[in-house]
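Common to both upcoming complexes is subunit A, partnered first by subunit B, then by subunit C.
The block that comes next holds the complex of A and B.
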């Protein structure tokens, strides 16, 4: 049996960020991944490092997201220095476009609630009218009534990020074990033995970051991760000159110049199929937002499954029954990479999660539901 | 809201994608049996690659009698009663049988009860060093220019690679007045021995062999040197191609036409996630098909070379079988009628396929053509990813093309990985010491062909 300092299950953005962080703490972790075909949420990511709409009704999540956005610039620089992979992080601020008065009013209420819930921490946002949005983002259509803006928002190249985390992890002595599924798990406090493919591996620490796979894995480690799939579809156009100064929630321009259109949400189970009506609705909204997009060719499109906790808020937990077992579950793998690598991983390396993360525990779902 | 202005879907019993030999034959049978049939074709006229532009060909066309025979086939298709939609691209198929199509910058949908994919073959990429230089193109592309625009190349043309089309294209160019400067054949010598052992198959395709030998005699009479067993082939030049070189020789050239055989175009079948199998004789993937061309997905069938390379005659026969299968599945004929009609077609198909083993053995690509040894060779032309880049991704742990894509952007360009897919898989397989079968393929997604946002949104591009 090969022994490691830690085993991270899941080679997507969440697992790779934590594994990278653990390796930086001086541990020798194994990162277990599936093969070429898997429900890879990380490969379907829209690429926003997004703050302004995260954590409504959950101030701890709002702060966690903000913290991650703060960690991002240093992490991006560090990854570039260590791996030579530029992850394309930019933080020019971002907007959510509203295409009707009703949308605008609803957005204002939401943003104001975010501000109230931020308490002393603060939450600076502005509601912009059409002309103010046009000054930030020339080329918006007449259908744009206005937008919400915060300076916290940004974006990055999610595939480059995944690549950089993998490189950085291996470069720091981590061991990547692809093409493995967990066939057996023997858990004891600070002693975990896993059948991974044909091999048995062991470690005193295990981190479950297997996305949708966590739902089935977690109970074997005295944990709970009731996540379900939510399908999102994305369209990408051919490259255009760099024209968009900042990302929006549904349309953003990559550093290479392609325009990404995203943010569909469908509850369809484990189905990564693409649907014409959804793609059409996304294109329609994008062209209303930016009429100049109409003539661009869509060269790629895809559908992927978000990892969605019941309340949309991430689940971070440590096992009481088997100390040393941790889990991380979220649908914002890019945004939260900053905290996963720089905050969560050091806690795991130190042996316990900070009490500040207690509100993220899955125990919040144990409260009996009112009839 | 988004549906405002979107045209009503057309409904059909059968939608056929592609109007080559398989698609046209399927349409003729389906229409005869009373199926409301629509044929969607990217080309401006029926014929597919093999009979491209045949309706406007002159009787003395340098393309030859086999090509001109396509005129009758196309005429029969034109008269069969199926709706023909030329210059129309399918960019998505829902598993429920809804096809999203685009023509003239506008998109609409075709709702079909049954679908036959007859998308044919594409040329296997031949990734020699320098293959991205201007002046290097495929032999098939040169044939298209000849068929559609009567364009023949200026200057010294060298054909390189292997496969029947290489000799056919060379002879057609010679007849059109552009005698090639040379043919460089890359098929390994071992292929001749392997093929020679297949006596039965050789007998079954004796007519094809005779045609091939006649082409070679014709080329020799025209003074075209043919060099066999060429290894280490590369195109050389600075701004554009200036010549070819190989182990032990070189030749000046203004145009280099490469060809390494053809493989099934499985893009749509792959996107529909139907089951595929690796064909080790033809070194390519093909969909798993039942005797009526049916795939693992209900409603979706494949006919012609898209289901495995067998040539135009076999394609037409498999198209007819697929149409019979569709007619029975939709209740237009009973299974007894289907089987009665299928028997003679099946016999003909068996004869065509028996011959295939000989050609497969003779035209097996050289290993060096499948896996570029030179790390600087561009593999993904759209995103400019080299063989070395793919190898590095594999060493970092990429287990297959989809992970390599995430790491390098290979396959993300406008061709959607149609061209680089086999190469990327072969390089990863080589790096991990696995078979291409174990490594798998890209999972292509919609849009199969680029579509404008305006067309997708259902908006008019021109006010």
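The block that comes next holds the complex of A and C.
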């Protein structure tokens, strides 16, 4: 049996970021990756590093996602220095476009609630009218009533990010074990043995970062990860010269020039199929927002599954029954890469999660007993 | 670099490639016309400006992007020639006039 300092299950953005962070702490972790048969939310996402919409009614999540956005520039620079892979991170701020008075009013209420809930931490946002949005993003359509703006938002090339994390992980001495599923799990406090493919491996620390696979894995380690798939579809246009100065929640221009259109949400189980009516609705709203989009060819489209906790807020936990077992679950693997590598991984390396992460525990879903 | 097959069909359709008239067989693609015109590249990539030539000739690789009858970023291998077609190389990204 091969032994490691830690085993991270899941080679997507969440697992790779945590494994990279553990290797940086001086551990020799194994990173187990299911391979190309996996659902791979990390390969299907929209690529935002997004703050302004995250954590309504959950101030701990608002702070966590803000913290991640703050960690991003240094992590991107570090990954480039160590791997030569540019992850294309930009933080020009971002907007959420509102296409009706009702949407604008609703957004204002939401943003003001975010500000109230931020407490002393602060949350600077602005509600912009049509002309102010047009000054930031020339070419918006007359249907755009206004937008919310924060300077916290940005975007990145998430495929390059996944590549950089993997390369950085191996470069720091981590061991990548691809094309393996967990066939067996024997858990004891700070002593875990896993069947990974045909091989048995062991470690005193295990981190479950298997995305939708965590739901079935977690109970074997005394943990709970009630995540479900939520489908999102994405359309991508031909590459064009730089025209968008900043990303929006549903339309963004990549550094290479393609325009991505996204943010659909469907509850259809483990189905990565695409639907014309959803694509049509996405394209319609995008063209109302940016009429010049109508002249561009769509060259690619796909669907992927978000890893969605019941309340949309990430789940981080450590096992009480089997200390040394941790879990990380979220639908914002790109945004949260900063904290996963720079904050969460050092906690795991130190042996316990910080009490500040307690509100993220899956125990919040336990129904209290009636008195 | 490219030669026509000795048993190839007769070149009967006149198109214009980068301002020069070329005769190509009916049913050939705009990408084939560029190759028959003797050009070794059809586009410059949008990020680095690297020169590219048509490659897969079956609509997959997107390396044959060209401006066809004024419309940029067309997959030239998927567009059959028509008499009088104007084919120009795609130089970098398509320009957008956001208004």
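Criterion: the second predicted complex is superposed on the first by the 367 of 371 C-alpha atoms of A that agree within 3 Å, B and C clash if a C-alpha of one lies under 4 Å from a C-alpha of the other, contacts with A are read in each partner's own complex, and residues count from 1 in each chain.
Going forward, a residue touches a chain if its C-beta (ideal position, glycine included) is under 8 Å from a C-beta of that chain, and two chains touch if they have at least 3 such contacts.
Here the structure is a predicted model, which is why all the values come from computation and not from measurement.
Model built by superposing both complexes on subunit A: subunit B and subunit C clash. When both complexes are overlaid on chain A, the residue A:240 reaches subunit C alone and has no touch with subunit B. Between subunit B and subunit C, more residues of subunit A are touched by B.
When both complexes are overlaid on chain A, the residue A:198 reaches neither subunit B nor subunit C. Touch criterion met: A:139 reaches subunit C, while subunit B stays clear of it.
In the superposition on chain A, A:297 makes contact with both subunit B and subunit C. By the touch criterion defined above, A:257 lies against subunit C but remains apart from subunit B after alignment on the C-alpha atoms of chain A. Only one of the stretches 7-15, 43-51, 115-123 or 169-177 belonging to subunit B has C-alpha atoms clashing with subunit C in the superposition, and it is 169-177.
Residues 238, 296-297, 299 of subunit A contact both subunit B in one complex and subunit C in the other. On the side of subunit C, the complex with subunit A involves touching residues 46-47, 62, 73, 92-99.
Those residues of subunit A whose C-beta lies close enough to touch subunit B in the complex are 11, 33, 35-37, 40, 42-43, 159, 162-163, 166-167, 170, 176, 178-179, 235, 237-238, 261, 273-277, 279-281, 283-287, 293-303. Of all residues in subunit A, those touching subunit C in their complex are 138-139, 238-243, 255-257, 290-292, 296-297, 299.
Residues of subunit B that touch subunit A in their complex: 1-3, 6, 92, 94-95, 98, 100, 109, 396-403, 406-407, 409, 412-414, 416, 439-440, 443, 445-447, 450-454, 456-459, 461.
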